[in-house]
């Protein structure tokens, strides 16, 4: 079976990651996954939230938003409504949690990395594109810090990327765009590390259910896709990629 | 290896479901899972949210909250802060989505089932206990409606229950209490139906990761636990359990 | 004239106070007054609000809420609306003020007692049941503190309980349930101490008025009811009741 | 014993009511009770809140606020904090409820009377001054309506005024100013009608209690003060006072 | 062409400034510009907002509000809506910015002057009346401070007043009232100092535009009006006016 | 005197307008003014706000926001604070008002044009860049509508662009970047139409003042700059530019 955009089931959309996309942030990229475009920035603040103060550990906080016309119908801004909607909350909690899994917070020290993912154009998979792009922005920001004042252990311990998989018309497919997402019976977001371990697996039947066999198929698809995403991150990061997981000798 | 409360890895905590716990709601239970206690109610409203009006379909909305002293430290009320926190949002979206997977919304007609899960005492697993208890309250409320004015097809299509599993001290265990939850490297919530299919699988490494093999072990544990929970729901529901999935002849 | 539930005008509904209802709080009870059920907890925090800091005095703050289905029609949660409604505000201010009348705040020291009253089921009289129950929870919490590190003067100086009275069909009656409350022309809440003094008298004609003679009748009824409530508090508290108003010798 | 401002215990402060204080509202007064100054306006809206629609009845809603520098220390505006504080809520609920006791809502028809009480300068007794002034503004607004399109029964059935009484230095005194209010052990607000019946009695021991005898003394004082206030309302209202309680012949 | 209220194009409405209008604030006036009435108060707080702390500089913050019935139709309170509307924000930012232009914030020292402008009655020009009145209240408050503990340099460096001008029926007119404001094609608010320099020029075509020549005419009109306003401020301030711009010898 | 970036006083920064920047909106551009980058979109909704319903007129509403890292220091999102800050409010009101000056709202019919300006990167002049860019997006959106169902009179009546001017180190300069803006004593935003008339003139002395002569210099500079901006809009719009101000023959 062919997909509506001619891809095969195991095929990602075209990925482009533009580095240093903005002049102000310590790290910033524009990630494009097909028509989905997200600006991801990483900012470093030299303090931690109250609950961590004095423990010698750092923190990572993520925020996510969509421009009103990132979508086909104009979406009302959260600021105009005076509160953050549930979907946004869920996504920003996911992004922060995912990135923390590959950061050694003790090595980072008492700093907060603020991740901002702003969706400029949405065509499915915005949360997984956000994770994949934010990882690159975060590495750049931490590498910049490292260049000034080297860490003994570089705080980022492994690569991290994410994709979505789902069951559309009874078939498991990789990297759903918006049209497929609307049609999907099962939708799963998977976050994995460079060494092939899971960080998050969130599978949801939307008014539907799925079997163990289907779950296995979906995980296999995701694994293949995430390996390709990490290869792209590796290329974009160039020399900075060498720092990931590196434990230097102490002075 | 024994767990801190003497359970074996595959053992649920003691479950008690008290039916008709409150006088006003159409359906209500007190579910106790070990020391965790949740009041679950189901209320039926004869209209649907704006986005569904005129489509002949029903809806299920869930709200979740904890009493301030459900927890060891007093938690500030969301109402006092003027906004619902992210964790609460995530949980109430999960409960609603899970229940919708076993309800035929067309058969329900233009009605909303409001599910309220209020945690009276928390000792881990409050979101999964909420789903398991809310399912029973929902069946009761819909059965009451059915008794007055029978549906052609009873709108609830299958049983539904949930549990948590996790990796604690390198071991996969079923139904984590609070002490285990704090220690867990991986935490997974699983929602399944009576016919053994998944509705939600949410596995999260909290500053940790997990392998495919570990994921498989966790899913197997969850499957066993949920079967036991559904047996208990079956017993509690008694005759009402017969209605689930039933398609009557049209008049 | 008989009341709709067969009580005579001077008769309270059945009162049950279940001690140590929850595992986490320092003090907790479930109070049932007829069908009205309220969980009252007392939590002790070792600091005071900003306006009292450094004055060597303590404080008591109360919060009150109802579960959405404590009522016949589902009530929208304050948290969902993002603000606390006027009735809730009024009640929680009343509970706090009433309890402070029997606490020696200097003897308490720089501590806050947080009182939480959560109505599980409402059938009239929820605010007075909250005060009566919260008093017991507060004594338990303070007695626990006293057991660890005795106060010279036990900070609770007298018993405290509350009831409602009203004029229903031209007759003054004690302890109105919901049906009577809806019908009442005059509704009065009275809070009294163990030595028979008033702490609060709040009489309201709802689209009606009342004479001095009617006011006197209502106060007499309330006095009789509150004495009975205090007897029950005394029994429940057992040995802890001996601490109330006790001034020990200084070391 | 003399009071700090030379008044005797049974003496009101000087009362001035300026009619038609503002050009826009249907009714408006500036009421001065000693140094306390409140602008009270009554606005008539030709519709009722949702819960009353279609029942042929009217409604009265009151709002109360203080200018930031009505007080000795600048008070933060509720609008700046984004929520109405508890004291404000309590007062505006009291004002609305009190006025409703002397309005025949059926006779008023499907209209809302909006009462706004804005305290320009505060020196104790702002809520009772608000009620006394708002009553006059309301009569003016309803009389203006009546002049255009006469009611069969004038909807305002009786006079209404309010004052505060309290126990200061063991003595019951009438109409407390701010200095006395701060010192008072017991503070009571009383609202009465022209025929000497109570609408509201709210007595509060602030970290203190009071006996039945003290309560009686306070009520007697309040009664005397309110009679004087109603005489003043009568004079100010002039011919409009004749309309109060009047039942005209039907056409 | 005559204006609807018989004024000529270059004529201000009648201005009255009542000093020491309220008992509590350090400075307070009631300013009346025709039917527009605004209570302006100045409060001095011995600390500065966070962003200025430790810099030895002061700050001026302004808040603006209208009573609900300052207007012909009742306006909903910002507090009731839980947020400050855009127009209010814009005006309070303007008032604060304007006043800061004639205050030497270093000479003021680490203090905040809170300006509160509350419109009691609105008939056009409320924001410019607020600035003109607030200037007087501010001088009084700072002069009171100076009387206790003299400044080396009096922190207020020049007079400041404001008026509106506009194009109504093709004619440039000074000091528009509400009727003219509604009809105006162009509306301009101008703030000037005692030495004839501009602080703010805000000209707006509301669904209309204006030429350079028209702009020049409007500025000339405003200049004339503001000179008259400053003369009135001078008279009202009496001896305090001598302090403005004064640099005393150091002790 | 040369400016820090080598421009002469009368020189704009480099302007680039990228058309059809996003796939979903009816009109969208990326406008770059030096390093300032704003995404401007125009969305057409087939209904008007409540206050205009049934009048046969359209409306234009603008919203403005900055990404958190559009700025050198991360800015907290309005959504996270739960309210829109004053500066944002002021800017979005300005954008809407400015655009309405060149739209014939009757010709537009009962439609709302939603303008969204999201600043991706800020280096001074974001509000004027927003207006200049939003005009182009709006023309595109209305032209698209016109292509489907031609208007008798094209609702956009003239070109519209904006720039800032200011006094920096005693010199009047055009199109300030962030470094100049921080240093400026006077800051003025000017909005003009294609026929050289003013729509908005907002000049502000920030803790400073300006003379009539300085004002004249600033306006002359702005006029020159805006003409250049309108030439660029003309080129970008190509054939669509012909529609502006066009009155077609009626059918």
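Note that the chains take the letters A, B, C, D, E and F in the order they are written out, and that residue 1 is the start of every chain.
The criterion applied here is as follows: a contact is a pair of C-beta atoms (placed from the backbone, for glycine too) under 8 Å apart; a residue touches a chain by one contact, two chains touch by 3 or more.
Here the structure is a predicted model, which is why all the values come from computation and not from measurement.
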Smallest number of touch links from chain B to reach chain E? 3
Over half of the contact pairs shared by residue number: find the pair among B-C, E-F or D-E that meets that against A-B. E-F
Report same or different for the chain C and chain D interface, where same means the shared residue numbers exceed half of all residue numbers found there. same
Take the average of all CA coordinates in chain A, do the same for chain F, and state the distance between these two points in whole angstrom. 34
Distance from the mean Cα position of chain E to that of chain A, given in whole angstrom: 51
Which residues does chain C have that touch at least 2 chains other than itself? 82-84
Taking the contact definition as given, in what order do you meet the chains if you travel the ring from chain B through chain C? B, C, D, E, F, A
Footprint of chain C on chain D - complex, ascending: 83-84, 86-87, 89-90, 92-93, 97, 100-101, 105, 188, 193, 196-212, 215, 219
Flag every residue of chain C that touches chain B in the complex, lowest number first. 22-25, 28, 35, 39, 41, 43, 45, 63, 65, 67-72, 74, 77-80, 82-84, 88, 114, 116, 118, 120-123
